[in-house]
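Down below are the structures I want you to see.
Note that chain A is present in both complexes that follow, paired respectively with chain B and with chain C.
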Partner chain A sequence: MVDQNAHPPSVGTSFQRADLRDKVLGIAKYTADLSLPDMLHARVLRSPHPHANILSIDVQPALNMVGVYDVLTPFNVGGGKVAPDVPILDTKVRFVGDEIAVIAAVNVYEADAAIDLIKVSYEVLPFSTNMDTSMKKGNPKIHSQGNVVNGGPIVEARGNVEEGFDQADYIVEDSFTTPDHHPASLEPRAALASWDGTRLTMWKPSRGIHADKAILASALDVDPNNITVIGPVMGGGYGSKDETRTSVLAALLSMRTGRPVKLELSREEEFLAGRRRHSTFTKIKMGVKKDGTVTAVHVKTIMDTGAYLSSGPGVVRRAGQGALYLYRCPNVKYEGQIVYTNTPTAGSYRALGAPQGHFALESLSDQVADKLNIDPLKFRLMNHVGPEGQPGERTTPKNQIIDTQPVEGGIPFSSNELRQCLILGADAIGWERRDQIQTPTGSIRRGIGMSMFIYRGGPGGQSNAKMSLDEDGFFTLNVGFMDVGEGSSTVVLQMAADTLGVLPQMVRLNSGNTDNTPQSPMTAGSTLTFSAGQAAVRAANQLAQIVIESASEVIGLTDTEGLYITPEGVCSTSGDEVNFTDLVKKSGLLKTTVSVTPGSKDYIVNSFGAHFAEIEVDIETGYVKVIKYVAAHDSGKIINPRMAESQVRGGISQMMGFTFLEDMEIDDLSGVTLNASFLEHKSPTIMEYPEIEVIFADSIDPVGPFGAKSLGETPCIAPAPTIANALYHATGVRLNHLPFTPDNVLTALRKLR
Partner chain B sequence: MKPFTFYKPTELEGASKLLNGVGRGHFLAGGTDLMTEMKQGVIEPELLISASDIKDMFGIVWNNSGLTIGSMVTLDEIASDTNIGSRIKSLAEAAISIATPQIRNIATLGGNLCQRPRCWYYRNVRFNCLKKGGEKCFAIGGSNKYNAILGGADSCYIVHPSDSATVLVALKAKVDIFRNFQRVTIPIRDFFIGPEVAVTRENILEPGDILISVQIPKESMDGKNVFLKAKERQSMDFAIASVAAMVKMENGLITGVGIAAGGVAPTPWHLTSTEQKLIGYCVEDIDVQAISAEAFADAKILSQNGYKLQLVQTYLERALNLVLR
Partner chain C sequence: MENHVTQVAFKVNGEEHTLDIDNRFTLLDILRDKLNLTGAKKGCDLGECGACTVILDGKAVNSCQILAVKIASSEIKTIEGLNQGNTLHPLQISFIENDGGQCGYCTPGFIMGAYPLFESRRNVSVEEIRLALAGNLCRCNAYGAIIDSVVGAIGIKADG
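On to the complex of A and B.
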């Protein structure tokens, strides 16, 4: 019915992203740019101690200041909770920087001065800045349940890993660590709250306005129907902005003072009160036969979640998926444990645990290849999981949607072009000249390395969309998800427009306000293009049907035969036509609502890729230069090539920081974070950005909308092991501890001199 | 940041009086370091005295004895000056290696020489370290990968953060200082002082003193000069180790030499004994590797900064090979 050939499709073209112009011109309004009449400014008193009980707080001198309107302390905020282990404010502080009290004043200077006047009496407790100390018996509990979350690891297994090792000719094992890695978003957290006596309106950087609304309602004991959450444009989130204490505190101050309140964190506060990537310790063991067959993989990972749990369970699970599923193997086991420490909280950060897990897995895989005297690429070509999936029996009931992180075997992938990625990437980097480029003498050593990955392919939670043809002849797609900067609002709009058969310029996307959008899950797990895309496509299909039927009535036809949608309106093969504006005038607003549960009951939907790098390392200075980087991805059909390519380039450059530079430096003697600044937490600059070639495998996923799969997080998974393997090829020395700063590289290379 | 009073004097005398007057006064040049310290609460000046209208502190002037650079000349002006680029390459290289283009547009030479250390215990208000008048150096038993391997004198283990200082010490530069309403000129190596002299500051400036300009003698431009800097990040980063070297040769004989190391000590580290092993010798007789290995014999390594010794030795070797070639 819809004539797909009426005009060139938008899907597959680099349609300009919706928010580009305003951001480039500097007129896009971020949360901190907003202000309201009579607005108060809030500042937070933070703990100087890594671990202490708060005995009493004297706020009177602060309240006596003329410009001060209110102060929140653990003793006056009620018993609400922001998260299961995070009260609104607590009488116990768990890291240097933990929130103690909040001042609302006429401006930030008065608020800062008032903060200095608050007197707190502490019972200082012994503390732990690392997992070893936390796990020692008898050490003080950071939370009442103990320092190991849930008392032990999660365990996931397929087959029998002991039997698998018994069958092995060689067993290779090693251990790896990864650092605390901060997203260091350009925009620090901010919240603007306005309470009018019955209704709360909250502006905040958000990756899930509907989820935020539920948390605000529960923490503040306010009817969710009386809460509006608005998400302005996001100044960088990468998953980390799911923290809600900041907004709960602003809301409470507004409710108590009756005035709008804005709380904006400083750069240092963003580092402390934000969310970092979990540092990890991983022990990994792989068994292989002489012919190169993998017989068993066993991984144990321990993660430092800092003071609070945040999204830790999701992160620790995701860290294990590579070990469970990337190599074809009947016997695998993953144990993932989360430990509290008195340090800033870890949480969601682009690709969650996958980069940490793949760093260990893909470094070890190279070692196994070395042991077998097989080329590392060949070892992967022999053993990577294929389209048929893993050996074993399906245990998920036939009528259930398959998890995107399965453990069981016996289920095929909807699409799996990992092999294509390996071959295309190897060709682009020039893998065949690998042995010739090595420089065994001199200070500059050259090498080529690679690694591969597997990740969730896009099915997420139940996704809703409303779509309408409006009075002005334009369409509106109403969705409750947040574009956190990755461009989902643009690609979803492209898919909806093509499904309807109209130009994308004809479709408005409405999102970012809980009042007029349908429920939607958080922007997480690289799910939006796939899941929101499925909802949008279904809504557009239904609306197209409605539009055609209405047009048929308006034109006066007996049926819809021969009618099709054009960019201007509806035409029939016999020459009748009605434009969209006239159609709406005559038939009234046309609209539809859909709800989809994304995913497949028959297939695992996963994305794949392989990365390659050629590097030079100066063994006398520890400086590593990336000469060329190749990223080959299977993300199904690419909806918007320019944005997709940018997504890959951005992810790789972000992980150049994880690989070479970034770590949160926490003083062991005081628990103080020493480098909470852009200068000292060394995020990469354009100077660290290598030449990158991005390759998208020829892949159409039969389940995904327009054949698409996930891409948002996947570029972040392979960079660290790719560089580690290139370093090994260049020097013969394996580096197991990130980041590869000059001091770490020089220490590791000491054996060369 | 706390409120402050802002002054913009036009004469050195007036500025000096304000600096030495009532209230905690700080001199403001480009402000790229001062503002950071104020925002972080490390210092809380009651008055800021801007140097932006004091004419004596501006200008790049060449004359028979060499070059004079006003302390208010920006790093970008130095980096993009073609004469400096061709005749004093090491200074241009140091300038371009500092911070970012945006910062170099306003940061000044004087400010670069007088900036405060980057040691994170000094920069963090939660530590009252020796440099801030406190009781102990937290770096000694703490996170010290960026701290000094030389000159810490069992007290303060900052490294001097200025790249231009390292180069100017190697170039045997002099500084003009306004002191007691007079202009005095001293060798730049005497301008910087280590913790054994005074732990709460890094140079000889007393309240009321003003750094007016820097003079680079003509003889230092006659030979080859280089600046090599190791940093973790290739932009927006300080030296983890650096070496500036200047060598003048006549008929294969070394007749002039200046060498300094940066990022390794509380002052730009003047390698006088290394200079002695070069001056008056024939180039062919120089064993660069041996000299470089001996240059830092008195280094004292802390728990995490041992790599700096290897780095600075390597950079010295490379710098000497460049200037002696």
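On to the complex of A and C.
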């Protein structure tokens, strides 16, 4: 049906990233770039206290200012909620930076001046900025249900860990911590709201316009049919930007003033009121036999969610998947607990809990190899989970789709090229020269380390797509998902075009507006290429069928035999042809709608990889330099190699921040975040960007569209343990606490001496 | 509020402007809010991220750190002034060809940050490119492709 020889396929080629031309011209529009006539600007009054009840607020002096139009306080916003534990505004504040009141004024300078005139009377409460204090009995409850979310940990287990440890010749255990880690997207959160008396239009950075619409409707008590959410180009999401308080506040101001209202967060506010990666404390224990066989893995993690829960339950579950599934082992157990503290809220950040979980697991794995006197790479080659999956019995009923984070054994992977990643990566870094490059004396110590990972492979929620052949002879693919800067719109378009058999330039992608796109899950969990891709492929297949049938009628044939699609139209083997424009003229708009539930009933769909790094440690300064980094990934078929490589290189450099630099410093005595700026909160720059070699394993997933699996978050999982293991190799010192700042490295080195 | 306003004349992308400027506004505010040139971004408003980089009298500056009343008689070039219609500047072409931007929010700042280096018309080393762009943050960490893009643009110039 599709003429495969008409032109080379787009899938597998580096088709240009959508919107890149607009971005380099400076004309791509982000939320803060938009403005409307008579627009007001809003600014937020934030709590100076980490924990307090608000007794009263005097807004009159602020309202008396010329240029000030309205103010929101907990006493005039109604009882709506933006999340189960987040009211629109609350009479209780839970961290330094929590929202108290919002001013709408003619410009931000007037709004800021008005903010200074608001007088708040507080009842200051005892507070806790760390999990230990929060969990102590009798300490003040941050939320009425208590400070441990759901009263205790989630528990996931396979087999019996006690029996597993009984069978072990050695048991190695240790504990690890990771810091509050902020994505610090360069675009601060913003919202532009316009209420016309009945309809609300909301422009906001969004990774789920349909989800945002539902929350706005419920918080504001407005009929969802009267709400339009538009997601302009997003200036970096990294899994963050999924909450809606900012947009609900802008919407309320617009509804009350009758004028459009824009609310842009400052950089300091973005650090405080954005969402950070959960800090964690992890205890991990692994049992092995003398021959290197793993008999048991047991992990307990507690995570600091800060003032509100956000996506904590998803994060804490994902932090355990490495321990449950990366090593072939019949007996595993994971306990994950979430704790409220009076600190800025944690939420979704690229790869959720996986980097924290793998930091502990993959550091300990090297310690186990050391104990056994086995090369760490060899230990992993002996024990990594293979294509056949984990030992045990399948418990998921036969007719059900397999979860991408299973606990049970007895289910094979759809594809698993982890072994290939280990071998190719080791070859690229030169693992065999590992012991020769060590420099046991002098101030510069050299070392090579590695680690591996497992992650969800792409099946997500129900995905919908609409596709049409339009009057101008072009195709339109309508999807409800959002490209959050990672490039999903480009790869989905490539897959749709190839399925139809036309050039990708012939297909327009329509997304980003709830009025004219089908329902879609959020851009989350590295699911888009796989899930939206499956929907796009099915829509394109159905539309191709419709196009062929219509062409058969238009040409006047009795059936569709011999008809095929070319880049220009439909041809038959006997020489008939009709171009797309004429076809639509004669048969009217051709369109189809599909809905898919992505996944497999027979296989676990997961992505894998192995990372390697060669580093130099200056033991006089504690400074670590990455000489070379190698990332070998199994993400199935790579749809767009250049963009995929950008994604991997970027993810690794981003996580060099997590590994070496980034930590929100929250003062235990005041609850104040001390470094809520780019100057004080250092992130990687172009100066320290290392040489990164990216290798994609030869892998075609039999379930994924065009053989693809997930990629987006996966580069972020292995960097920290890879560097930790290289540091150990270089210096003989194991660092269990991120980040590895020069100060922390020096302190650890001194302890050894 | 009248006494908070100063009349200022300046050129942006070759075009003359005379504006009554609120003394509190920065050059970035004027570009974005008064001239609708939104390519320069407000990533921090503190001169720490480089997303607002424009060319002021030949030099790359953080426009958020310059009070608008101080730009009298100055010539400013923004990302919107680089291309001539559909003829893109070599830096813009190279950023497209090398996938030099992901989310794109930092991209105008990086391109303008590299512009004086591009104009300097001499051999430029990768180390000089890094130094010129050391004050620009890219949170997608597309730094590798950004270096490739600037190197590529200088290649385009050498060829042309």
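The working rule: the second predicted complex is superposed on the first by the 750 of 753 C-alpha atoms of A that agree within 3 Å, B and C clash if a C-alpha of one lies under 4 Å from a C-alpha of the other, contacts with A are read in each partner's own complex, and residues count from 1 in each chain.
Here, a residue touches a chain if its C-beta (ideal position, glycine included) is under 8 Å from a C-beta of that chain, and two chains touch if they have at least 3 such contacts.
From a predicted model like this one, the values you see are computed outputs, not experimental measurements.
Asker: When the two structures are overlaid on chain A, which partner does A:Tyr109 contact: first (chain B), second (chain C), both, or neither?
Answerer: A:Tyr109 sits against chain B and chain C alike.
Asker: Of the partners chain B and chain C, which touch A:Thr621 in the superposed model: first, second, both, neither?
Answerer: Only chain B; A:Thr621 stays clear of chain C.
Asker: Where does A:Gln654 make contact in the superposed view: on chain B (first), on chain C (second), on both, or on neither?
Answerer: Second partner only, chain C.
Asker: Mind working out whether A:Met687 is in touch with chain B, chain C, both or neither, as first, second, both or neither?
Answerer: both
Asker: Between chain B and chain C, whom does A:Arg256 touch in the aligned arrangement: first, second, both, or neither?
Answerer: So A:Arg256 meets neither chain B nor chain C here.
Asker: Using the touch definition from the top, say if A:Gly236 reaches chain B (first), chain C (second), both or neither.
Answerer: A:Gly236: touches chain C, not chain B.
Asker: Taking the superposition on A as described, I'd like to know which of chain B and chain C A:Leu679 touches: first, second, both or neither.
Answerer: So A:Leu679 meets both chain B and chain C here.
Asker: Should A:Pro48 be classified as contacting the first partner (chain B), the second (chain C), both, or neither?
Answerer: first
Asker: Which touches a greater number of chain A residues, chain B or chain C?
Answerer: Counted on chain A, the partner with more touching residues turns out to be C.
Asker: Can you give me the overlap between the chain B contact set and the chain C contact set on chain A?
Answerer: Dual-contact residues (chain A): 109, 678-679, 684-687.
Asker: In their shared complex, at which residues does chain A touch chain B?
Answerer: Per the touch definition, chain A meets chain B at residues 48, 96, 109, 268, 620-623, 660-661, 665, 667-670, 672, 674-675, 678-680, 682, 684-688, 741-743, 746-747.
Asker: Can you list the residues on chain B that touch chain A in the complex?
Answerer: Within the complex, chain B contacts chain A at residues 3, 40, 118, 120-121, 124, 126-127, 138, 141-143, 145, 230, 232-237, 240, 304-305, 307-308, 310-311, 314-315.
Asker: Under the definition above, what is the set of chain A residues touching chain C in their complex?
Answerer: It is residues 14, 16-17, 19-30, 32-33, 35, 66, 107, 109, 183-188, 233-238, 264, 266-267, 484-487, 642-643, 646-647, 649-654, 677-679, 683-687, 689, 692 of chain A that touch chain C.
Asker: Report the residues of chain C in contact with chain A in the complex, numbered from low to high.
Answerer: It is residues 1, 22, 24-25, 32-33, 36-46, 48-49, 51, 78-80, 82-83, 88, 91-92, 95-96, 99-108, 111, 129-131, 133-134, 136-147 of chain C that touch chain A.
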